[in-house]
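For reference, chains read A, B, C and D in written order, and residue numbers begin at 1 within each chain.
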Amino acid sequence: MFDQYIVCEEGFRAHEDGRPGGVVEVRMPYYRGLALSMVEAVDLVLDGRPVPADRTTFTVHGHTYGFDQLPHTTDDRWEMGERAQLAFTTDEPLAPGEHDVAVSVRLRISYMPVPGGGRDSKRLTLAGA
Amino acid sequence: MFDQYIVCEEGFRAHEDGRPGGVVEVRMPYYRGLALSMVEAVDLVLDGRPVPADRTTFTVHGHTYGFDQLPHTTDDRWEMGERAQLAFTTDEPLAPGEHDVAVSVRLRISYMPVPGGGRDSKRLTLAGA
Amino acid sequence: MTTPAHRIQRGVSLYSYQEEFFLRTMTLEDCVRAAAECGALGIEIIPEQSIPGYPQLTEEFLQTWHGWMAQYGTHPAATDLFLDTKRHPGRWLTLEEQVASVRQDVDIAVRLGAPVVRAIINTPPEVMEAAAPYAEEAGVRLLLEVHAPFHYEHPWVLQHLEVMYRTGSPALGLMPDMGTYVRRFPRVVSDRALRDGAKPELVDLIVSTYDDHGDTHALMDVVNYRGGGPVEFGLARQATHYIWSEPKAMLEHMGLIGHVQAKFYEMTDEGVEYSIPYDEIVPVLIEGGFAGHLSSEYEGNRHVQDAFPVDSVEQVRRQHAMFARLLGETTGEDA
Amino acid sequence: MTTPAHRIQRGVSLYSYQEEFFLRTMTLEDCVRAAAECGALGIEIIPEQSIPGYPQLTEEFLQTWHGWMAQYGTHPAATDLFLDTKRHPGRWLTLEEQVASVRQDVDIAVRLGAPVVRAIINTPPEVMEAAAPYAEEAGVRLLLEVHAPFHYEHPWVLQHLEVMYRTGSPALGLMPDMGTYVRRFPRVVSDRALRDGAKPELVDLIVSTYDDHGDTHALMDVVNYRGGGPVEFGLARQATHYIWSEPKAMLEHMGLIGHVQAKFYEMTDEGVEYSIPYDEIVPVLIEGGFAGHLSSEYEGNRHVQDAFPVDSVEQVRRQHAMFARLLGETTGEDA
């Protein structure tokens, strides 16, 4: 229902500390918030190359988690419409300019027999570092 | 319907010419034969590691094809119950003894809205080279 | 036109403004104000949607919330609960955990001042039964949302009705979602499929099969036989999710019906819902003596957002102009 | 017991021996012989299954085939065609290509000596219409297989019936698959789900919902609400694929019915099919004056092969013992 809004147009940026990689802001394609234990995956494909989940972290309202922590996190939530920060590490620094950013979100929604979530991809310009 | 028969118990062997890799014999999980153009994939996972399709070839009754050729091959068939040879190349020679062999077959069956096929995995012992 | 006397109240579920709330072009207060401005004074809220930090509610939030109610002349009509039976990976919530989850949402309803809690359709009947005394003590009704494709003869709903009639608990009841009365296929949905590249003749096939209330059993198969792909399959799947039956079926259970979710997809320029015949539904509610809220649930945004500006406020406004007419309210325009 | 006079012939589709033929424990000749040995003299063959090199048929094969027919006292009853509309990646066969595919299969039927061709359910009505004159000239009937979940009121079948009644072509007709008369859920299927780890109470729910011929619309949802996973979802999906309706529905279209596929899942030790009431079906065929083949389609192998030896020959033998009884044939045992 909100697939087209998953990848935020703004906020795509390199790491401030110079580590290779960056941050993309993402929203959950769902009409309510969910405890993080039900966020099964937020998969990133950057310029056609999948970024492994263990090279990403997930931040909601200032709290940062590894994806191995999410399944056990029942006391924090990704709120409806909230911009979360998906931070990722790459081998090489990101080139300035445009990048293809594809994000697929998989949610465990109890009343649905199949996984919920959605996918979005946008061409984003890296904000000046 | 024939998933459990996809991977043949016999015929798992190293290449005769000493190239690294080998051959596993496979059957199509379907009750009729199909033109090869409708065989969309025969994916091999060896000891937990996927073998890319471009490192495999497919042989039916003595005719060998690359997987890039199958989509255009409407004049040859994988017959019902026929043991095809799925040959694969690996970086290192196969160790003697047991290996996990998982094969997933995807078929384009016209009367079905979803892909047909199936999957099977067996622990096979490499035949003496 | 004379309309029989009735006690139906108008309301809005803030679900209706999901597009604007998601995109932060409307705040929660904006949503309450928008509802009030169309005379829909009963506010239905989904705490997990509208209240960051759920299930914690701060005193500050509650004060603000009740302040808005006073300021805009609105009142809390209902809250919507979810039951996350799959909250933990790899295991199901126990019965006790499920009941605890419902109790927590009852507490939240009490603090928000809502007399009704929507129990989502996946709430098991034994959870309803176990939570009923707690809800009764709290002065809150726990109403099972009868959502498409369910209906009053469905085994799942029959199990719930068995609990309701056997226990006779005043806290238990039903909350029909009018998405169970989709007489014709919503055109916003089929138009979207066309924009997504669906073959027009297959869209016609799907829509006309639905509109004839024909057998959708093998619709996916037929769409495949006719050359359909993923977009057409998606539309065919939609056609098996909508249902139509006679709204009069509500009369038999009217004693249990405490709230109605007025699902809608498109209020046309002519002021009618394209697919759901509210001009037949509202008279049934009046006839049955329904005394709860008729609460808007706009769900068209997802089908038009790719190509058109979404205006949920206007859509809800139109629905309430229609309700005011069907309920025989004297409007300024008539005077 | 007196059975009315009838002209029904018994046959076997070699589909029935798929397990043994796949595993090469039976040859094609073994299949023909097995059919003959249970008095099923009409042989239905799926060329794409049984004849390597299809669509080429060598003179040598044909000679062998006709030799078997003479040797075993059998006769070709039907061939089964498929229509591979998706033969090429990324594009659909054109109408002309589809008709050419059907013609090719008509030619094959002629060479094999079969008077009937099974047109698979995805064959479009316009392809049937376009191929009918060719089939008529070849002396072959092209019969649409009415397969579950289709039935005679379904829009897809109605389109086919429209072509059949409008053209009046003697080459066109119907081939009902008795999988459309599954009165109770096949226990070989539910037992398999249990072996695969399905929760017994959910298997019961699915089976009893099916057996009550209740609403399977939201069965998948309810199985989810009750804690089901992939195995239970698979079983629920099966329950939406089987159908039951009154076999008498065939009477109205009996003039078009040229062959019957006697689908079955399990012939019990008591000599009856567990899920399909052939003792009601055969009298309908007799009453309607059906004069074609009642042709076995054993499909139980896939549900038992994980745990039990498959014995398709014995299963078919039992079905024909039942047919002989229902058709009033004097058997050696009675004499």
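Here is the rule we go by: a contact is a pair of C-beta atoms (placed from the backbone, for glycine too) under 8 Å apart; a residue touches a chain by one contact, two chains touch by 3 or more.
Keep in mind that what you see is a predicted model, and the values were worked out from it rather than measured.
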Response to the item:
Contacting chain A as well as chain D are chains C
Practice prompt. Looking only at C-beta pairs in contact, point me to the busier pair out of A-C and B-C.
Written response: A-C
Discussion item. How many angstrom lie between the centres of chain B and chain D, each centre taken as the mean Cα position?
Written reply: 30
Worksheet entry | Interchain centroid distance [CA atoms averaged], chain B/chain C, Å | 50
Practice prompt. Would you mind pulling out the distance in Å between where the CA atoms of chain A average out and where those of chain B do?
Written response: 37
Discussion item. Touching at least two other chains at once: which residues of chain B meet that condition?
Written reply: 111
Practice prompt. Give the residues of chain C that touch two or more other chains, as numbers and ranges in rising order.
Written response: 85, 121-122, 221, 224-225
Worksheet entry | chain C contact footprint on chain B (complex, rising order) | 111-113
Discussion item. Quick check on the complex: what are the chain D residues that touch chain C?
Written reply: 85, 92, 121-122, 124, 149-151, 153-156, 209, 214-215, 217-218, 221-222, 224-227, 240, 243
Practice prompt. Note which residues of chain B are touching chain D in the complex, please.
Written response: 1-2, 4-5, 27, 31-35, 37-38, 40, 61, 71, 74, 77, 79-82, 108-111
Worksheet item: What does chain D use to touch chain B in their complex?
Response: 15, 18, 21-24, 46, 48-50, 52-54, 82-89, 120-122, 301-302, 305-306
Discussion item. Quick check: in the complex, which residue numbers of chain D touch chain A?
Written reply: 220-221, 223-225, 228, 233
